[in-house]
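For reference, the structure discussed in these notes is given below.
Letters A, B, C and D mark the chains as written, and numbering starts fresh at 1 in each.
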Amino acid sequence: MRLFIFAASLRKDSFNKKLASLIARKLEGLGAEVDHGDFREFDMPLFDADLETSNGIPSGTRALADRISAADGTIIVSPEYNFGVPGPLKNAIDWLSRIRPYPTIGKTGFLASAAPSLVGGSRGIIALRPALSFMGMWLSGDSFSLAQAGQAFDEQGGIRDEALDKLLDGMLERFVKVTSSLKID
Amino acid sequence: MRLFIFAASLRKDSFNKKLASLIARKLEGLGAEVDHGDFREFDMPLFDADLETSNGIPSGTRALADRISAADGTIIVSPEYNFGVPGPLKNAIDWLSRIRPYPTIGKTGFLASAAPSLVGGSRGIIALRPALSFMGMWLSGDSFSLAQAGQAFDEQGGIRDEALDKLLDGMLERFVKVTSSLKID
Amino acid sequence: MRLFIFAASLRKDSFNKKLASLIARKLEGLGAEVDHGDFREFDMPLFDADLETSNGIPSGTRALADRISAADGTIIVSPEYNFGVPGPLKNAIDWLSRIRPYPTIGKTGFLASAAPSLVGGSRGIIALRPALSFMGMWLSGDSFSLAQAGQAFDEQGGIRDEALDKLLDGMLERFVKVTSSLKID
Amino acid sequence: MRLFIFAASLRKDSFNKKLASLIARKLEGLGAEVDHGDFREFDMPLFDADLETSNGIPSGTRALADRISAADGTIIVSPEYNFGVPGPLKNAIDWLSRIRPYPTIGKTGFLASAAPSLVGGSRGIIALRPALSFMGMWLSGDSFSLAQAGQAFDEQGGIRDEALDKLLDGMLERFVKVTSSLKID
């Protein structure tokens, strides 16, 4: 089973990137082949239907679509901006939605977030569900939000709080199990 | 494979009930054993934590939980009230969420709606996703919204518009396929 | 200026009731006449269009509508249930929306929440906005979520954390100012 | 009273631009001074906190903030992309939210949308509310969604359907009245 993971943040020192690295390691430990992408690889302009008409789908969008297509499931680790989906991630989804068939169809998805605040980004994850569901992704009911991310990681990049770490383990085990049993085509 | 379906409307002459009947027939045609519930069977009081402490989980909630547990997947056909989840359905979900483990864990879900308006209830479906996802349900990315429901049905209770009918068929086939391949426990 | 406030919780020992009492006192301190309702006064059945046809609008709904109509603005202090609006509150809104003109039209609204968790109920508030906006209420951009409510109050029912208490004061001052300047009719 | 309006679409031949022009004319007819912006004037990169650290707030963001600040209220006419806020508009809001104090504080807002579909973009408007509310904007409860926009306009750019046109007139009159009476500072 092949899984694709990326953190939907452009900054280098992002808590979401840290969480994505941890999840990637955990998924490998569960036997998955993990493709760990960097959101900077998928650079694309702001969505503009005129630009699409003249220049077609941007290469960064194509690259992102290919990585999603090549995997059985995708894990998005995303910050929350202003109670919603970060503009750059929504922009990527809007471009992706111009490709037919959607690269997301029949794939599983798992959403996670990390944030310095008490809320941990869970509102961004809620706002992400409609678009990805609409594009045919089977989203795990589970999602993982890491609050107070500034204090949450230990030196090895693991989660300090044992109960929280176990919770994440359980979610990922379930996700791997479902992804491997899901055969749509 | 066993599927449970109900329309989240209390009124007798509901478009959502009509759509639920059609979907139930289609699912049986796809080889599923279908348990078709009536929302009136799951009568329960308004959620009140004090009432839960004194009287426990209401019998209507238990009945609904048992039907969900006994099936591999659940189909909810729900109207949209004021851009959101109908109060009675949200109330049922709030009571359900007091049962541990959630009866929804590891089950698949498919959401549909019918409405006399042009919008067809899709905003209610969007608002339904977070709660059911949170309770561990794997919701189909597909969902079906029937707009202008007053004119949409033919005399046999089928959908007049052929393309729309085919769209629904495709969604249900995919849902049955995924539900049958999903083995979580 | 007259303001109506209620906590959308039926249980007696609710953090949201505690927060509503505090906000009521603060609003009185700002010179407002405050009508402090108890959600139990507005008892009503689960929404059912057939019931509306046979029995009309329930008396509990009428009572709630009258209290909203008699005030210039309404403050709702609501828990969050399963990432959304509590079923009983959504049910009340669904019944209210059957009264024409909506009692909420041209009124201001302020939303607050308290919760034992880290999130503080902010996702419930987000989910509340569409329905109330749709019914013509001018909702304050500000909203107040009290996280870890079990530890947040002092013995006098005030907020222990001074900065948080000041934040709430500022929001309420702005709300009173806007409500008093808002003249729609 | 000064109002700022823009359509959140980059393409030239956008239904949302057409609707923005109509609303601008109507607002002028109601006595408002209208500043009609073009979303292309507010070009900015994808949000990146590292970019903010090195280069500060982009000039396109500053320009947008200045236009909002100079007006008493802002009207955003926005398409709906994938059930949510268009990526480019969310990106602009995310950049705007880095300016303190928010240029949106104490301003009124009115949301409208046009779409070729039956839904008319109303789900995008719902998804817009949390971010703008959070940034202190007082959003009109009313919002206007023009469905089947391909057929909705007459040759003069007016709305063919008289009842719909009147509905919009009423909403705008109310918006102008509230904006002029709202005095926060």
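Methods note: a contact is a pair of C-beta atoms (placed from the backbone, for glycine too) under 8 Å apart; a residue touches a chain by one contact, two chains touch by 3 or more.
What you are looking at is a predicted structure, and each value in this text was computed from that prediction instead of being measured.
> More C-beta contacts across A-C or across A-B?
A-B
> Counting only C-alpha atoms to place each centre, which chain is farthest from chain D?
Computed centres place B farthest from chain D.
> Report the inter-centroid distance (CA atoms only) between chain A and chain C in whole Å.
35
> So how far apart, in whole Å, are chain A and chain B when each is placed at the average of its C-alpha atoms?
27
> Would you mind listing the residues of chain B that make contact with two or more other chains?
Residue numbers touching two or more other chains: 83, 123, 126, 130, 134-135.
> Note which residues of chain A are touching chain B in the complex, please.
Interface residues on the chain A side: 104-106, 126, 129-130, 132-143, 174, 177-178, 181-184.
> Name, in rising order, each residue of chain D that touches chain B in their complex.
83, 118-120, 122-123, 126, 147
> In the complex formed with chain C, which residues of chain B make contact?
It comes out as residues 9-14, 43, 46-51, 81-95, 97, 123, 127, 130-131, 134-135.
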